[in-house]
Structures are given as C-alpha cells and as structure tokens.
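I am attaching a structure below and will ask some questions about it afterwards.
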Amino acid sequence: MTEELRIGVFICHCGINIGGVVDVPAVVEYASTLENVVHAERNLYTCSSDGLESIKSAINEYELNRVVVASCTPRTHEPLFRATCEEAGLNRYLFEFVNIRDQCSWVHMHELEKATEKAKDLVRMGVAKAALLEPLEELTSEVTPSAVVIGAGISGMTAALSIAKNGFHVHLIEKKREMGGMLRRLYKLYPTEELAAEFLEQRIKAVEEHERVELHLSASIKAVEGYVGKFKVILDENGAEKSIDTGVIIVATGAKEFEPEGLYEYDGEKVITQLQLEEKLKRGDSKLDGIENVVMIQCAGARGEVVGYCSKICCMNAIKNAKLIKEANPDINVFIAHNELQAYGEEYELYYRDAKKAGVRFLRFPLERRPKVIKSEGKLVVDVFHERLQMNIPLEADLVVLSVPLVQNPDAEKLSKMLKVPLGQDKFFFEAHVKLRPVDFATDGIFLCGTAQGPKDIEESISQGYAAASRATIPLAKGYVSSEAIISSVDEAICVGCGICESVCPYGAVEVVETEEGRRAKVTGVKCKGCGTCGSSCIKRAIKMHHFTDEQLIAQERTALVTEEVVS
Amino acid sequence: MEKISDIINRTKAFYCVDCGKCTSACPLSRFGDYSPDGLVERALLGLPVQPDLRIWSCLTCNRCKEVCTYGVEYPEFIRGIRSLEEKEKGVCAHGELYSLMKLFTFTHEREQKRLNWVSEDLKVSNKGDILYFTGCLPYFDIVFRDLGVDTVEIARSTVKILNKLGISPVVMNNEVCCGHDLFWNGDLETFKKLAAINIQNIKDTGAKKVIFSCPEGYRTFKLDYPEFFDFDFEVVHISEFLSEKIEEGKIELRKIDEKVTYHDSCRLGRHLGVYDAPRRVISEIAKEFVEMESNRENSLCCGTSGWTNCDGFSEEIRKERLKECTDAGAKIMVTSCPKCLIHFKCHMSNRKGEYDIEIVPFEVLVARAMGVV
Amino acid sequence: MKDRAVLVIGGGVAGMQAAFDLAEAGIKVCLVERTLSIGGRMAQLDKTFPTNDCAICILAPKMMDCYRHENIEVLTLSEVTAIEGEIGSFKVKIRRKPRFVDEAKCNGCGDCARVCPMGILNKFDMDLRVRSGAYIPFMQAVPLIYALDRDKCMRCGLCEAVCGKDAIRYDQKPEIVERNVSAIIVAIGFDPLDPSGLTEYGYGRYDNVITALEFERLICAAGPTGGHVIRKDGKEVKRIAWIQCVGARDTRDNRPYCCSVCCMHATKEAILTKEHYPEAATFVLYTDLRCFGKGFQEYVNRAEDDYEVKYIRGKPGEIREKENKNLEIFYSPSSDRVEKLEVDMVVLSTALIPSEGVEALAEILGTELDKYKFFKLKDSYNPTETTRAGIFVAGYCQAPRDIPECIAHGSATASRAMEVVLGGSYDRRA
C-alpha cells in the first residue's frame, strides 16, 4: 500500500534576485493549490540557516515525505538541500529542485508577468515529478588494496613505485624479460645528454628494491574480469597461468617506432630511422667514421604522410642526435630538414639554440613539398625545397636519418578489448576526457599513462606515471568505492538480451549475461554513472533510469503541456 | 682575415630561424627584394652570399637587429661579409665623395688646414679638458652647397653653445676622418690606421671629455675604437651633454612657436640607444613636440648610409619619412645627423614646393633658442 | 606525530586537481588562493582546444567539487607569508585579506552589487568591463561570496542597508591563520605579458591591437560584449590576424622559451571567430606552428580545411595603424618579398610568464627558481619536486604546459605528497 503523499514547497525570494521579478507570494499561493501539496511557504533566502531550519521543521510539523525547493540552481545548492532533508529524516532523493532564478527571473527580467507564469509552470512540473520520486541508496563496495600496472617502461615503473611508496602492493607486469621499455634502445637523453642506460639503471634498481613492488617479467595478460575495487587479472607468466586480484589497473604499455618501409629510399643502412641511429651511436660509433654529410628528415610518415598526427618528440630527438654527432666530429655537416620545428617549452627551445650554435643547420620545407631522397650509383642526394628561399637545395648525404613517428603497439587492440577501454582514431588509448581527465579511462578503476596514450617525452611520461599513481591510489586509500544512487536497472522479465545497451554504455557497466531465462542485460551498480544512455536506447523499455524514470518524466511533461482546464 | 664561418659565429647568425621578421621591418626590403635573413640563410647553407650586389644595399640602420628575437647581429654580419669582398666593389652613390674622403684620410705628408671653419667669433683652444670632435662637416658644406645645406653652421653652432656655457673647446687641426664609412664598407685596415691617429692626437691635447655633434663619429668612438684600442677619455653626444645641463638648470632656452618633430638617426638611436636626450632638449624649445608614426627604436632610416647605394629605393624611404613628418603636422623636423640632413634636403630640393617642412640640425635649433646665432 | 595534511598554493586547474586527488584519498587539504575565486586562468577562457569545450562549463563542476569537498578547506584572498619546519611537519602562516563581507552569512544573492554606485574595471574581464564595488569576479565564482573593493569604496552604506543577511563588514581586518602540513604543493600558474614594451606591434598605442586573453573575453558569450568581437569604435570585426610568439622565443628581454600553448590557443580563437562570423577572414602569422599534442595536428587541419583559417609563416616586423583604425601588418612570406596585410583587428599571442610575486613566494618557501623564474626541479626528468624536500610544484609555474598537462601534473604532485602523508616516505630518491 503506498503511503499518502505529503509534499512541501519552498519558494525562495533570493533577496530581490528572484523576488524582484517573480511574484513569489503568487507562486506560493498557486503551489498550495496543487495536488498532494500540504504545505507551501516562501523564504527570503531558503539557503540561509533560517530557511534550512524552516524546511526541517516543516518536514516534522506537516509530516512531509517529499520536498520541492524553487530557487537558484542545483549546480550549487542541490547538495545543501538534500543534506537538509536527510537531517530531518527524509531520504535525500525525495527532494526535487526547481530553478526559477536562471530560468525565470534572469531570462525574463523585463517580463514580470511571464516570469511569474513560468515559475508557476515549473513548480507544477516539479511537484508532479516529486510525487513519483522514490528513495534511493548509494552502494558501497570494498576495494582489494593492491594495483596492477601493465608495462614496465618509464611511466609504468614510475607509477608502480609511487603507488608502492603510497603504501600499497603493486604488481608490475612486463611482456619483455627486462624493464625499461623504449629507453633501453636510447643512447643519450635530451636535454641533459646523460646516458639513457645510467638513467634507467637507477630507476630499475629503485623498483626492484621496493618491497611492495612484485615484478612479473615475460608476462602477458590473458584475461581481465571484474570492476573497480575487485578486478581479477589472469596472466601468462613464463608459460604459467597466474591470477591476480587487484583494486585498480594502470595501462602503461608504451608505443613503438613506425617502420618507414617504402618511404624515402629507406633501407636500414644508408637510410635509417632515428632509433637505428641511436643504436649506432650507442655502440660507440658516435664519430660516424667515413661520413661527411648527414641529413635528417622530419615528419617522415607523420602529419598526413602515413599517420595524421604530429609525434611530438621527433624534432627534439633529431636535434639531440644531430648535436651529438656535430660535437663528436665538427667536420661532419649535419642538416635537419623540417616543417614546423617542435622545440616547445622552456628547455627544448634553449636546447634547439644550442644545437644551432654547435653548427647543426636547419632547412624548412613546406609540408606539401616534402624532401626527396635520390639514390644513384651508391650516392644519396636529399633534395629539399627551401621554403623561405623558394629554391631547391640538393644536399649530398652519406647517411639519411628519418624521424619517424611513434605508433601504437599492435597488441593494444587486444588489451583494449579485454579491459573494455577504447582506442582513439590514432589507435592510442583514449582517455576519459581530453582536457580534464588525461590519465583516467571513463571506466572507473582503470587508468593510463605514458606513450600508450600518445607520443610524449620522458619528463611527461614520468609526470603521467605519477598522475596515474595518484588517481589509482584514491580507491586504494579509501578502501571502498561508492557508486551513484542514481543508476539504471534492468527488468529481466522484459529484457530480450539484444545487447544495444551494452554497446552504448561508455562505462562498461552494462553486460549481457546468460541467465536461466536466457540472455539478459545486467547493470553493475558500482560501474554505472547514471548517464541514462542505456535507458534511452532500450527498445523494449526494460531499463529503468532511477530518479529520471519514464513515469517521472512523463508526469512532468504532461503537466507542462496539458492545461488545467483540460485536466479538470 | 676572417672566414665566413667566423663571421657567422661572431654575429650569432647561426641562431637565425628565417622567420622573416627582420626582412619585414627592413626599410629597404619594403621597396626592394633585399632580405637580411635571406642572406644569412644562404651563408648558413654554404650558398654564395652575393649572387648580386645586395650586400652593398644594406643601410646598416640596425632595424633588423632591433626586431630580431633571436639576437642575430645582421648589420655586423653584412659588414663582415663586405670586408671579405675586394675593396671598391661596392657601388657608391657619391663615389667622388667617397674617394675624396679616402684622399683626405691620410695626412702623413701634407698638412691639411682643417680649421678654416673656425670664425673669429668662436672661442676655441689647443689644450683643455673638453674637446669637440668636428668630423667631416666642413667638407660636406662644399659638396652639397647647391642643396642649401650648411653643415658648417652645425659646427659653429656647437662651439657657440659651448662658449655660452663658458667652455672653449679644444679643436684639432690634425683631426682625421673617424673612419666610419670605411669601417662599414669593409675597409678595416685603413679604419684602424685612422683610429690610431685620432686617439693619439686627442690624448696629446689632454682632453678628458670628447663631445660629438656627428652621431656616426660618436658611434665609431664609442663602440668601434674600443674594440681595437685603449683610451680613457670620455665620449659624449652634444644632446646628452645639453640634456644634463638642462637638468642642472644651467641653460636658458627661448620657446619657438612651431610644431616640431625629431628624426632619430640610426647611429644615435638604434646603434647607441640615445632616444631621450635630444627629445628632452627639443621639448624645452618647441611649443609643441610631436612624434612621427615611426620613432625611437622603430624609426625609419633616411635611406642611405656610408655614401653607398643611393637609388630609387632610398628615395622611396625618404618620401615615406617626410610623409610621416607631414602627417604628424610638424613644420620643423630636427635631425641629429648631418647625413640625414643632406639626404632629406636632397630629396626635397628635387621636389620644390611639395613639402612645407624645414629640416633643422639639432645644434642649430639649440643655438637659436639660446640666442647665440 | 606527522601531520596528515597538505597545503596547496594556487587554485587553478593544477592546484585544484592536486587538492582534489589528495582529499579523495582521505588527506586534509588547505587550498590557498590569492584571488576571490578558485578556477585560475582556465576560468577566463571561452572555449578550450582541441575539443572546443566551453571552459567554464567543464571547469565549474570541478571548482564546486573542490570547494564542497569535506577534506578541502579553501582559503581565498589568502597568501602564504611564512613557513617553518621541514618535510613531514611544516608550520605555515597564511595571511587572509578581508573581503569586508561575512563569508558565513553571504549567500551570493548579489543585492549589494546592484545597489553599489561604484564602477571599477574588472580584472577578470581584462579590464574590458565595469563591475560594481561589491562584486564577484565572474558569475560562476567559487565560493559564491561577494567582496567589497575597499580601495574605491566611499562607504555610502547602500550595500549594508540592502543586505538581507547582514553580511557586510566594513571594518574587517586581515588575519593570520596557521596550518600544520606534511607537504606543500605550489601551483601558482602564470600571468600574460603586457606587450606594450614590444613597440613594433603598437599595443597600447593602437586601439585595435589586443592580446589573446583580451580576445578570449570578447568572444565569450558571458564576456563584456556578450560574445561579439567589437572594436573600440563599435565596428564588428571582419578580418582578424593573430601574431604568435609576442615576447616569447625572444632573447631581447630574456624570454627565449616557447610558451607551448599559444599556437593552439590562436587556432582555437580563429575557429571561434569563424563560428561566430562565418564570413570573417582569419590569419595566423607564426614562426613554427607548434601543434605537438594529442589531436592538435588534426585540430589545425580542421581549422584550415573546414574554417578556412589562413596560416602564414612569417613573423611580422611592423604594424601600422591606418586612418580608419584598421591595421597594416608587414610580413615577409619568402626572402624575396614583403607583404602588407590589412585587418581590422590584431590579436597578439603574448608570452605567458611566471606570476607576479613568484620570487617573493620562492623566498618564503626556500625554493630555487631558474633564470626565467620558473620553479627549479630537484632532478631533471622528474617534474614534481622543487629544490626543497617536501615542497612540490605543479602546472605552468614549473614550465610551460597546457591544461591536460597541468591536470596530470597536479595529480602527479598529489601522488608525491601521498608518498609523504600515506607512505611516510621521506626518501628523496626517485
């Protein structure tokens, strides 16, 4: 048996902010005539302690079981009014907010009567919805206090070590036999020119020595189950299967160098990539004996040639290698043919200047006229169209170095499917929000860092590694995750298991599972963010989006669109 | 002899990012196809720097250096490249004048009479603390008399101003050319010889302070001589000297009832950064002082420097500058440099009646206001 | 007993992110902000690249989340004046300037602002709009508490009379509060350079040469002109040019660095212009177009292909004003020519420089700055820790970076502070 509805309505003057335009007493009078409304009052400021007290006392005095406040915006004030209801013993979701400031007094500042009429309409709609509100509860779930970091390159190592230092156990998973990732192949680092091997050695040592970091080398991910706080990661570690329970997962799988097959006469010997040059220099061949002219070509395969994006690090990497060659052997002519030189930030611009001072020469070509490598009788000529001088400059070369972009690892797609996290158009892992959530995935409990997210230098990879560590530490430190109370649920009696909801859910919260009745959609409450996408896409109307149910919204719309005369 | 790589390193030309800012600020590039960064870029890539005679077009006005955000010293680069070239390769607008200057340069055997301009009403000395370095002024007077240029007036005004302040400056009969034009046209060898003579002769007078009316001479003494020689006398431009005296309240000036503007010469302005001193003095004299559209560090050149290359482009630059003066509503344009004076007067003399502007040398304006001429 | 709390200095995106992460992990945070509202520079932007998200729309919820968080104490109008102690136990003195309004009572209704007779240029709007003497810097300010500008106030009493909450306090005095914290995060952001000194571009001399941040306020629908790009003479613009690296990559005034964000920022402003005025012509004059971040090249491609933004490689050497107040830009697209571009507005992408007062703060904190006044790092490649143990640095004040990098950096320093507070780690090795 449903209880008797007893709705209280509180209309705010907000000083003269609302009261100066909207006829508040008239709205109060109108509200008190609405069905189920047992109390209506106005407050100079409903949000003041006086106003809040009067809500609480009205709840008790009139035995209110629904509260409507018509005032400013839920953005700033909904949490306050919800908390007030709760203090008076009412479930916080039995509260409805009506915005008569932004939507009435502000936008209809010069039409007082219309503003008042609209306020009445909005209050009527709010009351109609309030009548159908249901109490809701937030769910909480415990968190396994450990983390999994996939990939032991510089960003993954940084993340793992920081989480360990924050006091939690970390499983660091690396597919290769050793940690270090791309850094293992580098000679020296820009802009300090310290040896990559030495830099790496210290960091590997720190990771290895930390008691809370558990290393899994030569290990690959076979499967991932669960959700934030309760993931299970199945590993193949040296041929043996292992299962790890973890609260959070960080993706730090890195990237690889693009292979310029078929471009610029690439042959791996006279025409090589920067990484191949790097390995040459690392072998102690930095004097490049017998070589007089080196020409580097930027954006080889990037920015529209093969991939669309700029790979961020190639300009600085070329500058570094060019400078190292020039300093080791000043007689070698080193040219860098580029389009837009990406020596961004503070230190890189200075380093670029140092390279110019060291004698590295730069030529800018237009992107639509990229350099050509001409090979004849064992000789190489790089023909560069000099944009500023508007002329072709043929550069003889004994060694051509292609600055190729970083591209996604081929196995990223498999991992993205296992984790149910997306890849972007450029095939890099796609974060929750390009601007505001650079190291989160939309799915709770899974984070990303380093070049898996897109090309970036060492410093930024480290910064992201720490950032992912911070984000991942939050649920571990809290010990629990709480879900929204406003989530969706599936009526299994209606659901036909078509899977549309699963495909549209941005958070991986809906899954179609086998039940005794057949295939049915299932919502994992802690994953759900209450966005409602599943509900609106369900063709059988089997999904209920709580607090925004069809019944509630239809009641609101009906009372908005149907005039009283017709109703009565 | 310098190599081109030395010049690149010395003038920091390797920093050039060929953004073209210098070119778009260059008064010459505006009218011709000259490009400071274009020349530098060629040099950096080992291409010939002068397929034509463009290195001789540069006005060395420092506008490019002033706007460059990478610290490239383009004018110095050009000077360096010029010094690599065979002498006399430059095209001189006033070839005869340039040759004459070179002829006057050496006074080993024959003594010149360099003080004929010193009239009886001027008080000068042979020895003393303050010396006035006159420069080439007295010679221009002869060459450009038909333009209505009276450069001797500048020298005389300067001495009269000093006399009024109770100073009888030392002037030297054995003064030689400061070497400015030779220096900028690449003849470093002769330049150094001249510098040595001047420095020794000044030392002999016992002067502690050397005053200049000519910005080119001033720049040469202030920036270039110290590169090669040591000396301990102070050098100062007459505008700086007078500005100080005004601050001390030692000068009385009559106001003139005209709108006056000031043309920064490149040597005094961008080369030496002396912008405020002449303005300080002129503001005391003019009823209204106005700035032209381009002024101070953005000032437009008079169009010719070091007697090289006066052509149609130079004329365009002067036209532009005089238009700025007209637009500003000024009736008097004060110049600090005798060469600017000559160039503007030359332009105006070919276009009689087109301009309602009087070009007045700074020293002459001050002398008038002090009532000494 | 170590203090389980962290001080965050600066309430921009980086500082807010650091504070929020720490608070979520159960750590008490004191967030000190110098101005009236948290939000920082991002709040001043209209949209953000490369997604064209409305800046304040995506930022405001973050500001509220921060302000409302039970573990975060937000102190606005406040500055750190002294610190004592060391990593694990810093004692911090904070000077709170008076708002002249009782923070506990004001509910942000704005009645005081409506009656105040004073008109003062609003700094948040880059001095392009007049605000009242009783004010919040912008509509979405957090906290939504008014303040009186007592420098200009005549104490006429109108605000006091109208305030229904009895919140006006003319005689409020500054106070010093003390907090004990384990670690400190500095995130004080940047200031835009005043380009008046770069006389070749005529800023301050020519009416229609403005800065990129000024343009941002003009194109913003909530800005002083309601989103219309209007010149001082009332004309709406038809041709606009952006000039890049104004005061940046410039050795003349010891600012050789690249500010990292301006190429994309200008691209965004050009796109917004075209969205607002499809018939307008937009030009970006640059030296190197730095479109290195995720989605940036694609954004530039879109600007060129879909919005017809014209990118011109060539840094202008001079701007001249015409009689009709239009501007002629001189630039050289190739070494054999100089071109003249006439526009009705020039927007200068000025350098973004370390905030005013950075030296004084560094002195108080006992941390070193580099020669361009960015916070110096203890270790290269580890951008989180300053030269003093327990003091971390986030965002632009460490080196130029864009919003997502500042946010990641904010989180990064939060993890470093967690290492101290949660893990008790005072080991300064990487």
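Residue numbering begins at 1 within each chain, and the chains themselves are lettered A, B and C in the order written.
The rule we apply is simple: a residue touches a chain if its C-beta (ideal position, glycine included) is under 8 Å from a C-beta of that chain, and two chains touch if they have at least 3 such contacts.
Computed from a predicted structure; not experimentally measured.
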Checklist line | Contact-richer chain pair [B-C vs A-C] | finding: A-C
Note to self: Based on mean C-alpha positions, which chain is nearest the centroid of every protein C-alpha shown?
What the structure shows: C
Check: Using the average of all C-alpha atoms in each chain as its centre, how far is it in Å between chain A and chain B?
Finding: 63
Item checked: Distance from chain C to chain B - Cα centre to Cα centre, in angstrom -> 46
Checklist line | Chain centre separation in whole Å, for chain C relative to chain A (CA means) | finding: 23
Check: Got the chain A residues that touch at least 2 other chains?
Finding: 341, 353, 364, 388-389
Next item on the list: Provide the list of chain B residues touching at least two other chains, using ranges where the numbers run on.
Entry: 17-18, 20, 37-38, 41, 70
Next item on the list: Identify all positions of chain C at which a residue touches two or more other chains, and write them in rising order.
Entry: 249, 288, 313, 334-336
Item checked: Complex contacts: residues of chain A adjacent to chain B -> 341, 353, 356-357, 359, 361-364, 386, 388-389, 393
Check: Can you list the chain C residues touching chain B in their complex?
Finding: 199-200, 245, 249-252, 287-288, 313-318, 320, 330-338
Check: For the complex, which residues does chain C have touching chain A?
Finding: 21, 24-26, 48, 50-51, 53, 58, 60-62, 64, 68, 105, 107, 109-111, 114, 144, 162, 164-165, 249, 256-258, 260, 288-298, 301, 313, 334-336, 370, 372, 374, 380-384, 399-401, 403-405, 407-416, 418-419, 422-425, 427, 429-430
Checklist line | Complex interface listing, chain B residues touching chain A | finding: 14-15, 17-18, 20, 37-38, 41-42, 44-45, 47, 70
Check: In the complex of these two chains, what residues of chain A are touching chain C?
Finding: 14-17, 44-45, 47-48, 75-76, 79, 161-167, 189, 192, 199, 202-203, 206, 303-304, 308-310, 312, 340-350, 353, 364, 387-390, 425-426, 428, 433-439, 453-454, 458-460, 462-471, 473-474, 477-478
